[in-house]
Amino acid sequence: MSALEIPYVYTPREDTGLTNAKLGIWLFLASEVMLFGALFSTYIVLRVGAPVWPRGASILNVPLATLNTVILISSSVTMVMAWAELARGQFKRHKLYLALTILLSFGFLIVKYVEYSTKFHHHLFPSKSTFLAIYFTLTGLHGLHVLGGIVVNTYFLGPGAKMWKTEPQRFMGRIEVAGLYWHFVDLVWIFLFPVLYLL
Amino acid sequence: MKKNVILLSLLGIIVIPGIALAASISGKVVFNGKVPGLKPLDMNADPMCAAHHKTPPMVEILVLGDGNSLANVFVSVASGLPQGKTYAAPKQAVTIDQNGCMYIPHVFGVMAGQPVVFKNSDGIMHNIHALPEKNRQFNAAMPGTLKETSKMFDKAESYFKIKCDVHPWMGAWARVMDHPYFQVTDKKGIFTIADLPAGTYEIEAWHEKLGVQKSKVTVGDKESKTLNFTFTAPSK
Amino acid sequence: MSSGHHEHSEQQEHHAEPGFWQKYVFSTDHKVIGLQYGFTALCFLFFGFLLMLLMRWQLAFPGQALPVIGKFFSDSSMPGGIMLPEFYNSLGAMHGTIMVFLGVVPLAVGAFGNYVMPLQIGAVDMAFPKINMASYWAFFVGGVVMLVSFFVPGGAANSGWTSYPPLAELATTGQTLWLLGMVFLITSSLLGSVNFIVTIIQLRVKGLSFMRLPFFVWAQFVTAFLLLLAFPPLEAAGVLQLMDRLAGSSFFLPSGLVVSGQLMHNSGGGTPILWQHLFWFLAHPEVYVLILPALGIVAEIIANNTRKPLWGYKSMVYSLIFLGFMSFIVWAHHMFMTGMGTVINAFFQTTTMIISVPSVIVLSCLFLSLWGGSIRFNTPMLFALAFLPMFGIGGLTGLPLGLTTTDLHLHDTYYVIGHFHYVVAPGTIFALFAGIYYWFPKATGRKMNEVLGKLHFIGSFIFINGVFMPMFIQGLAGVSRRLFDGGASYYHAGPVLKLNVMMSVSAWCLALAQLPFIINFFYSMFAGEKVTSDNPWQSTTLEWATPTPPPHGNFTFTPEVVRGPYEYSVPGESSDFLPQYQPVKG
Amino acid sequence: MMLEWLHKLGLPPVASVHGVAVDVAQAGVHWLMLVLFVGWMGYFIFVLFRFRRSRNPQANYQGVKSHFSTYVEVAVVVAEAVLLLGFSIPMWRQRVEAFPSASQATVIRIVAEQFAWNIHYPGPDGIFGRTDPKLIDLTSNPLGLDRNDPNAMDDITNVNQLHLPVNKPVIIHLSSKDVIHSFGIPQMRIKQDAIPGMSVPIWFTPSVTSEEMKKKTNDDKFQYQIACAQLCGLGHYRMAGYVTIESQEAFDTWLDEQGAKAQTSGDDAFWL
Amino acid sequence: MHQEHSAEEVQKHVRTYLVVFVMLLALTFVTVAISRLHLGVFQSIVLALIIACIKGSLVALFFMHLISEKKLIYGALALTVAFFIGLMFLPVGQMITAVAL
């Protein structure tokens, strides 16, 4: 494939101050906002229309979810640290933080797995009530996003890291973009947690 | 294993009519009790249906003949047939007519794998909505111009409803059998189950509203026995 | 990007000639992807059109066996050539879905947007070529899933292209495939729209400010925003309906449903109205996704063939932006009959009336652009001109549907079908034809045949009106849409029933009228008149500055824009057009 | 005049009190459309003729200079505002907020199902009996009416046969058993979706009896029909209900007949 | 050119991140604690959402550097927020005010 030189891959365009990828990821996140927005809207509609709505805590495991919140927040910090270390030129420490982020993401999914399996064990399925249905849909979709983040971050930890040697500037941009995505996944959880578990 | 079964069943087809001849059980089903004043079906919902009938037909939950003989009772061998024997389904189709916005017959049996032909004598749209649990449900429309359509049930299954959504009152009961020893009573309440091998059988009689009755009977070779059933409406 | 750039790319081509697969199938070149989109979408457009021809047989001659072709269909769709209502419903649902999501949008956005837009802004390619390729292949997979759904037991989705629950949730397997297919199509659109927006913002060449963008680029820009922000809610809705169908949840199902006399054992607690909200949150902006690129194409062609600037370019642009914005908050006018309270009803009626204003402005500007022009009646221009009154009829008939008083009678009747088909069929699709005739020389180096083109135009114009105009009459008579027998069961449809035959005959003639196009398309591709110049229409915009057809990387020089997009017949100039990239004299 | 044209085109005669206002709005909006379209087309054809290349080889860079189009646009906005504020919003308010009192109206429940309209009259006591989906039996009890409920004793139900007295407001509580249907009677200029899980009230006042309409249209076969307007499955196309508008006396007689029918038959609950 | 990140600048960033981290943790525990108080439904919803919004803003502003982002991004996000609000309130508004019973 003959590579074309597409402008503003490395450096921001003067009038917008942005690289293509940076603008792209924000637009993508905007669409993600609408995706989760529709699901939150569904939640509101279902809840307002329901004669009774269970307190999340009466069905779901709040301590586990709190643990997961802490894990995800921590992973967000390690992710932003991974970027900061890269900005300082500390490639090794960057790798360490990125690995830590991936590890924490796996931790999140494991906790989620435990949560799900207890639910299934107690025959709590989406068919049981709309509360459980929206719980499984929202957390499931969020879980898929976590999985996506793991794939992306693992790529940058492994084969994608080669770019640091050849095009450090561009690699930093990529890590920043991956970070933006990851923080968004964290941000969604920050809303999911109270909405599903605490209210 | 599978081969053996097929062989055996093939053997069965050839052998049964030749050797294990013709024990039969027959009898009469009657209704006992106060005959309720039933409503006629209100077919005004579709004027084309109403136009088919000079006087509105009665609902079919209780169809009685002279002396309160009870029609539409599904009589079949419930148990006692030789173990592990399989019966081939006849090639000839069971025909159900949609006539005057009613199913004729109202209760029918069919063997698994036997074709069922639904006819549309009315020339108006009906849809055949079969609601079995084990077999695949289907919901097939029959526009007025479509005169017949063929369906098949693959698995034996207990009584289930077939209905028409366009004409809510239209309903038929079907049962898918894995053997050929069954019959639905006519208006005289008579049934005959013939060509049985000698043995002891449990005979089941089922009515859509009055439930199930079972009775044991032993028949020898070439013997004919009589077995009568009496259904009573439950007291309040 | 420097002047050294194209040497560099030439070098690349010399020692790494890409193979067939990379060049034509898994290409990252926006032009190849654009053509892929174009071919695929035209095939789907044709296929969707065939579905409609089948339906029109049933509507004209209800219950009669379809001669000759009828016997090729299975017993579960057309036993003995007699169409079954469930198959008719499948045809209806899939005609809508295919035309909108697999035909018009991919052609208008995927094909024209991809091919023309980067050229018009002087870019070497899209900002993310690989994502562009992924977008096409997601679209392709979605299309395949939709096609496969025709062959599963129970047939394709048959609950309307709107897939309203509970009907859609009680439907056969085809509906599940429909939902899966939609998830792919939505993913494709999202990838595409991010790419379009970034490309337009970031890759404009020097001097090409926003107010110098060709109107077509503006149209694509606003369209991309609509796709980006309106599609995700439908994706969410699709996921929810999949959950309902596969995991037994009850997002769209209330409790106590009794289907065919059987009480359903779902948990309940959901509401079918929720689906309508999420669906129309997309589907109303989607209407503008269909129409805006068409307006863009028409504007380009009108400016070029009147040899004068577009009248009111700026107000057109602002109207476009306003239109895009408003399209997000009018959706519930599709739901007037769901039992709406006064306040919300008044809100959506008002926004609906407001959105008609920018549409009128854009259309007026296009009409007024003709004044003082020196009009060339070539085939693209004929289609573009016909677009104006056709879109006008489509827009005007939207008024009685947008006012609840009159909608009370017209809601869900053939009036609605007539209305949106005028917008999309003689509207958008005419514009797309115009675009094909207009940009064909750029893509192939050959012009399409004018005689065949005009034949195509005249036939299409007459018969398409024959198909859709009677629908307004049927609608006024109160004939509901989606009726398998075309209304024969209803007394009030009696007087207008005979129109069905006329409409169907027109539809079949319309099909015949497409033959010249198909012949022309393939004939001209291989044996059409070769163009002698890179700019055969003597146009001003940047896509004509490239070699014909443009190579990978597009431009042989670094373009720089010095003026607005439509500098035709500038007083005091010797030539009647001043390309955007032609340096200022002196 | 516009209304005459629309009737000629196919608009069915109006048969309800509010329908007259609907038709006035219909005519108004079609006038607006016609004027705009004819104006545009006149201009369009003139321009295509006047500014064709052979007649006008040199285009004018400036184009139109007058502000006429602006005035047209303002006029369109004003016309739309009149239609919206003068007709549409008040009309809707009247539709959904100004319900007649139940004592002065015929109150009916209609429950749609695939593919029939179940009509439910409350009977002389004016109170609808309790219904329960668990009790539904399509042959004998399509509404799932609880026969043990005293209010249900005198309730009258039937399928697809809607009788209404003329010149008296009707309130219909509309719902559905299974999927979304849409209740519409074209001559009454009324339409409303029947949505499962919801009960939506609508009201209108029929003003022309079936017999009068037969004379008016010169057609003995004239029949008011409920037309399902929302795709509801394979039988959607023939989900027609039959509406009879009659004098109050005729309606009362019919209702009594129906009540008598419901009373005499089925003496034993078991067989119901 | 891309802005060069001096060591001190990054160090400053890192300090911010840690502060934000601590705040996020604290707020997490606060919101869990509040939910245990069993306040009225309305109060607990408002409180929980306020806290969630604060936490979300912290993440967006500092981790995602939205506090020093370009105008274009703000514009795109403003548009998104506008439609988000419509999506959030219009459907439920329609349902609450519906004439249905």
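By letter and in written order, the chains are A, B, C, D and E; residue numbering begins at 1 in each of them.
Throughout what follows, contacts are C-beta pairs under 8 Å (C-beta built on N, C-alpha and C of every residue); 3 or more make two chains touch, one makes a residue touch a chain.
This is a predicted model, so every value here is computed, not measured.
Enquirer: Starting from the defined contact criterion, work out which chains touch chain B and chain C both, please.
Expert: D
Enquirer: State the chain with the largest centre-to-centre distance from chain C, centres being mean CA positions.
Expert: Ranked by distance of C-alpha centres from chain C, the top chain is B.
Enquirer: Which chains share more C-beta contacts than any other pair?
Expert: Top-ranked chain pair by contact count is C-D.
Enquirer: Could you say which chain's mean Cα position falls nearest to the mean Cα position of the entire protein shown?
Expert: Nearest to the common C-alpha centre lies chain C.
Enquirer: Report the inter-centroid distance (CA atoms only) between chain B and chain E in whole Å.
Expert: Each chain's C-alpha centroid was found; their separation is 66 Å.
Enquirer: Hey, how far is the Cα centre of chain A from the one of chain B, in Å?
Expert: For chain A versus chain B, the centre distance works out to 60 Å.
Enquirer: What's the distance between the Cα centroids of chain D and chain E, rounded to whole Å?
Expert: Result: the chain centres lie 47 Å from each other.
Enquirer: Mind checking the centre-to-centre distance between chain B and chain D? Centres are C-alpha means, answer in whole Å.
Expert: 44
Enquirer: Which residues does chain C have that touch at least 2 chains other than itself?
Expert: 84-86, 201, 229-230, 233, 260-261, 268, 270-271, 273-274, 277-278, 281, 338-342, 484
Enquirer: Mind pulling the chain E residues that touch 2 or more other chains?
Expert: Residues 72, 79-80, 83, 87, 91, 95, 98-100.
Enquirer: Of all the residues in chain A, which ones touch at least 2 other chains?
Expert: Where chain A meets two or more other chains at a single residue, that happens at 16, 18, 23, 27, 30, 34, 37-38, 41, 45, 49.
Enquirer: Can you list every touching chain pair?
Expert: Those chain pairs satisfying the definition are A-C, A-E, B-C, B-D, C-D, C-E, D-E.
Enquirer: Quick check: in the complex, which residue numbers of chain D touch chain C?
Expert: It comes out as residues 6, 9-12, 21-22, 25-26, 29-30, 32-33, 36-37, 40-41, 43-44, 47-48, 51-53, 56-64, 69, 72-73, 76-77, 80-81, 83-84, 87-89, 91-93, 95-97, 113-114, 133-134, 136-138, 144, 177-180, 182, 184, 186-187, 189-193, 195-198, 200, 221-225, 227-238, 240.
Enquirer: Okay, in this complex, where on chain C does chain D touch?
Expert: 84-86, 89, 92, 158-160, 164, 166-167, 170, 253-261, 263, 268, 270-273, 306-309, 311, 337-342, 345-346, 349-350, 353, 356-357, 360-361, 364, 367-377, 385, 388-389, 392-393, 396-397, 399-400, 403-406, 408-409, 411-413, 472-474, 476-478, 480-485, 487, 489-492, 495-496, 568-571, 576
Enquirer: Contact residues on chain A for chain C in the complex?
Expert: The contact residues of chain A facing chain C are 1-8, 13, 16, 18, 20, 23-24, 27-28, 30-32, 34-39, 41-42, 45-46, 49-50, 125-130, 132-134, 136-137, 141.
Enquirer: Hey, which residues of chain B end up touching chain C in the complex?
Expert: Chain B residues touching chain C: 125, 129, 131, 136, 139-141, 143-146, 149, 161, 163, 165, 168.
Enquirer: Which positions of chain C touch chain A when the two form their complex?
Expert: Touching chain A: residues 1, 5, 8-9, 12-13, 16, 18, 22, 28, 124-125, 127-129, 190, 193-195, 197-198, 201-203, 228-233, 235-237, 239-240, 243, 247-251, 266-271, 274, 277-278, 281, 552-553 of chain C.
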